[in-house]
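Look for chain A in each of the two complexes below; its partner is chain B in the first and chain C in the second.
And then the complex of A and B:
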């Protein structure tokens, strides 16, 4: 590892200041505000929130529905990952699962709710197809479906990744040792995955607990924490101090969840060496898993189908003739063009700056001996913990009187901090695998440290950097919870515009805007994948 | 001439090098030989300037380099795992350092080095496509074009198989002779050290067990360690080879 060079400090200090100003201080202010009353500091805000039956009920609702979501999601994600990794199902089906499952990630969660309404509502597409109203969708059922769809991709990615690190030879050994099906399954699959399954549960719980888009669209009268927080802050009688209390209460399960995740990490097996081997033949297993995973995938995608159909029909579901008028009308509105441009601008700025900050933080952490470099790990744990809504709210408190209020900058900064953890960990992972003496070699060949970073570390992380960019871009396009307290009429983005259109019941516009986000994200994702592959082949 | 005077190094309480004194003449190949953990790599890194020492002096051609940072000492090293940059092809690796100091070497000289190390057919290859021996030669070329005043090699042969080992050995000897380049090599293999170098520094537990030519070490081992761990190994090897070929080949 090279000695500490001045250039390292020149990068390190601004990064530290950045996170101090846009993570630590805002959260500090949030805490202070939660104790602030008209006559000094006291616990009375907390007491007032905790004695408010409606608020407490919404917290109870959130815990209940998020737990149920987490159970269902973990189970479904496990089934899909198992089908991919431990069966010999038809290869194209595997590819379809792998890609299809990620589609919801390209859409804002607020869209899910409207898609569910158009699918399962009284006049919904799936209701029409099945001929009867399956169940009431406003409230609990709709939320549950929405949350499961929302959390399934993330849980699946987590479990699928762990499956790759399971030594499948153990299954053969277990078989040869005469284990029965159940014992074999328990010892070679469940036990090694226990930490990950727990992790998927916690992740799904936190995601549903803190999401705003789904309850905003389909919550109905079933109140959850996120909608309560929104009501208290931006409702008819805003109460900032109680809002701060709710935000703190929302933070608690997230803190607890992240601590639990770190603990569960210890349960994970670490195999140092494993070889790819073929799965044993088992027709019954393949057929059943093939069917089940197809059903899950189609079930999930069918809900979104309506979103791509309805805007092209005159008046879904009454007049089902094809038309482009909705599309043309929507695009002729300058309003829509403006919010789309705003969204693009914010997503691009977030992706460029965010990737830069995350990459520099990871370089300092992994590849230098600079004092206090582990602080970037602590930052990444904090950003992983803080829900978007809480972060956005804390910005509202801190920057309300400043010139940052109502700017694009504050939205970009919020997104960068909100989504910091994953890109940072991607970069760390990639940089830590590189030869530790490259910097020394570069120095001996006359490079300054910065020059080696630019000429060697950066090109060798190209594939990861592209992935980081894509992650930041897509999430900035779809986020609503992080920015809902920060957007103004001038800085409105597509996701918040959808929220606004909801009041006017303009569902065609909602779906057209959703398709716009979807297509934009799809193009960015495909482009990034393409460049990543090219880079990878190049090395 | 490189002089090491009273060099000592300790990590916390563990003494790694204890009062090392050495004189290496210009153009000599010197091997630092010892078992793992003996301190030989630490000594190499101290000469390079990568590791700081607790006590002692490094003097090169009457200039005290003790407090001169690695980059300005003018020495260079080929690391054990070569540390080639995989984003660049073989040629771009070789000329990597020239972007920083163009004037050091002419285009003709670069071609000479490439020719000399037999790298012409491999210049456009990616690092992943090179064999171990080719990587070693690319790393050598990358280091040599910067015209180091001393060439340091960390276990240069350990990752190579039999036949290539011998050819790289010859190359190293040729380089030292051709460019009158002082070369310091770290190795744990007595055979390698004794057949490759002009002089050998045998290091054991942070001190010099013996410093001398191969002839001196074979004929006048200075202590029990040299006899037991260095010579005995060579005797066993010799015996094995005799057994294979029969005594009449001796």
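And then the complex of A and C:
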């Protein structure tokens, strides 16, 4: 590892200051505000929140429904990952699962609720097809469906990734040793995956516990923490101090979850080597998993189908003739063009600056001996813990009087911090695999450290950098919980515009805007994938 | 050594300021110097105001942001003239309370010939009247009788088939509560409201336009909301019928006010407020058919059968009392 160069400090200090100003200080202020009352500091805000039966009920509701979501999601994600990795189902089906499962990630969560209403409501698409109301959707059922769809892709990616690191030869060994199906399954699949399954559970729990979009659209009378926080902050009688308390309470399960994740990490197996082997033939297994995973996938995608149908019809569900008037009307509104431009601008700025910051942090952490470099690990753990709504709220407290209020900058900064963890870990992962003496070689050849980073490290992690960019971009396009407290009339984005349209129940416009976000994200994703592939071909 | 340290510090400061400049550049683009209008008006009101402003040549010079009544009310009371908006159109009682608390509005510099007296810092934009409406097809399908009063909707046969606006978020919800309280008093009223809320279940809407949408979509059979919306739906050929409840048709006015900011903005805001009153009223009157200014007339169909006014003056305090009443009926 090279000696510490001034250039390293020049990068390190601003990054540290950046996270101090936009992560540590805002959260500090949030804590302070939660104890602040009209007469000094006391616990009275906490007491008033804790004695508020409605609020406590909503916290209970959140815990209950998030736990159930996590169980269902983990199970479904496992089934899909198993079908993909341990069966011989039809190859194109595997490809379809791999791609299809990611589609919800390209849409804002607030859209899910409206898609569910239009699918399962009294006049919904699926209700019409089946001829009767399947179940009440407002409240618990709708939320559960929404949360499961929302958390399934993330949980699937996690489990599917771990499956790659399991040595499947043990399955054959176990079989030859005469283990029964259950015993074999337990020892060769479940045991090595235990840590990951726990991780998927915690991840799904935290995601649904802190999401705002789904309950905002389909929560009905079933209150959850996220909607309560919104009401306390932006309702008819705003109470900022109680809002701070709720935010702190919202933070607690997340902190607990991350601690649990770190503990579960220890359960993970590390096989020394794994061999790619063909799966044993088993028709019954293949057919049943093929059917089950197809059902899961179609079930999920059919909910979104209505979104692509309704805006093209005159008046769904009464007048089903094809029309483009809704589309044309929507795009003629200058409002829509403005918010779309705003969204693009914010997503691009976030992606460029965020990737830069995350990459630099990872370089400092992995490839230098600079003192205090582990602080970026701590930062990434913190950003992983803090829910978007809490972060946005703490920005509101800290920057309300400042010139940052109501600017694009504050939204971009919030997004960068909110989504820092994943891109940072991607970069870290890729950088740590590179030969550790490249910097020394570069130095011997007369390149400065900066030059080596630019000429050697960066090109070699190009594929990862593109992935980081696409992650930041897509998430900035779809986030609503992070920015709901920060957008203003002049800086509103597509996702917050959907929230505004909800007020007028203008579903066609909501779906058209959602399609717009979806297509934009799809294009960016495909472009990034394309560039990534090209880079690989060069190597 | 010290020189080296200094160099490092200096350079990192340069790098940091670069970052700040970079983001500041982007933020200056955000400012855009547009005038901001906050309104609690629904779609039709927003559209009418927009087209009046655009025709007067203000297109692209303003942003019109729609907010729920409670959301905008909260902002007005919490932020005073620090609010982002330069012009506000909002329920009159809320404008009065905000003015009392923050003295945040300028007296209007233009004159209007309103039918009713109003304080110098606002002038009415539109008035809303409440009524019941039904989806005749769903009514037939479920074999339900045609309701004539709000109380009818509280009958058990309407369980799960009624939609009402929530007074916590929507001023239309207040029209409902006013009707219930003035007809039945607080005690019997609470029973009626409790049964009504039970019947509404998940269809207690945060937006005043929520119930009519639910009725149009056939999600419910009957609802309470703005009378004109039911009239328009009926005229457009949908199976919708409006019913003036025997408890009374109550009304609320929404007004325009100009926020006290620096001179240049306020002058421009004043001009635009005048345009809204002068040019948008004609279109507004077709959507909200209540005459507010001299010389305005409305068609008979839009004249509610049981027009009424609440006995006490409408204030935010009264609203809060009625919100408590609403909550206690849950």
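Following the convention adopted for this analysis, the second predicted complex is superposed on the first by the 539 of 539 C-alpha atoms of A that agree within 3 Å, B and C clash if a C-alpha of one lies under 4 Å from a C-alpha of the other, contacts with A are read in each partner's own complex, and residues count from 1 in each chain.
Please note the rule applied: contacts are C-beta pairs under 8 Å (C-beta built on N, C-alpha and C of every residue); 3 or more make two chains touch, one makes a residue touch a chain.
On a predicted model such as this, the values are computed, not experimentally measured, just so you know.
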item	value
First, second, both or neither for A:221, with chain B first and chain C second	second
Dominant contact partner of chain A by residue count, chain C or chain B	C
Touching partner for A:444 - first (chain B), second (chain C), both, neither	first
Partner chain in contact with A:165 - chain B first, chain C second, else both or neither	neither
Touching partner for A:407 - first (chain B), second (chain C), both, neither	second
Which superposed partner A:138 touches (first chain B, second chain C, both, neither)	second
Residues of chain A that touch chain C when the two form their complex	6, 9-14, 17-18, 121-123, 136, 138-139, 220-221, 234-238, 240, 334, 338, 345, 349, 353, 404, 406-409, 412-413, 488-492, 500, 503-506
Contact set on chain B toward chain A in their complex	48, 50, 70-71, 76-77, 79, 81, 83, 85-88, 96-97, 99-101, 126, 128, 142-143, 146
Complex contacts: residues of chain C adjacent to chain A	4, 7-9, 11-12, 14-16, 19, 22-24, 26-27, 29-32, 34, 36-38, 42-43, 59-60, 63-71, 73-75, 77-78, 84-85, 168-169, 201-204, 206-207, 209-210, 213, 217-219, 320, 323
List of chain A residues in touch with chain B within their complex	435, 437-438, 440-447, 451, 455-456, 459-460, 462, 538-539
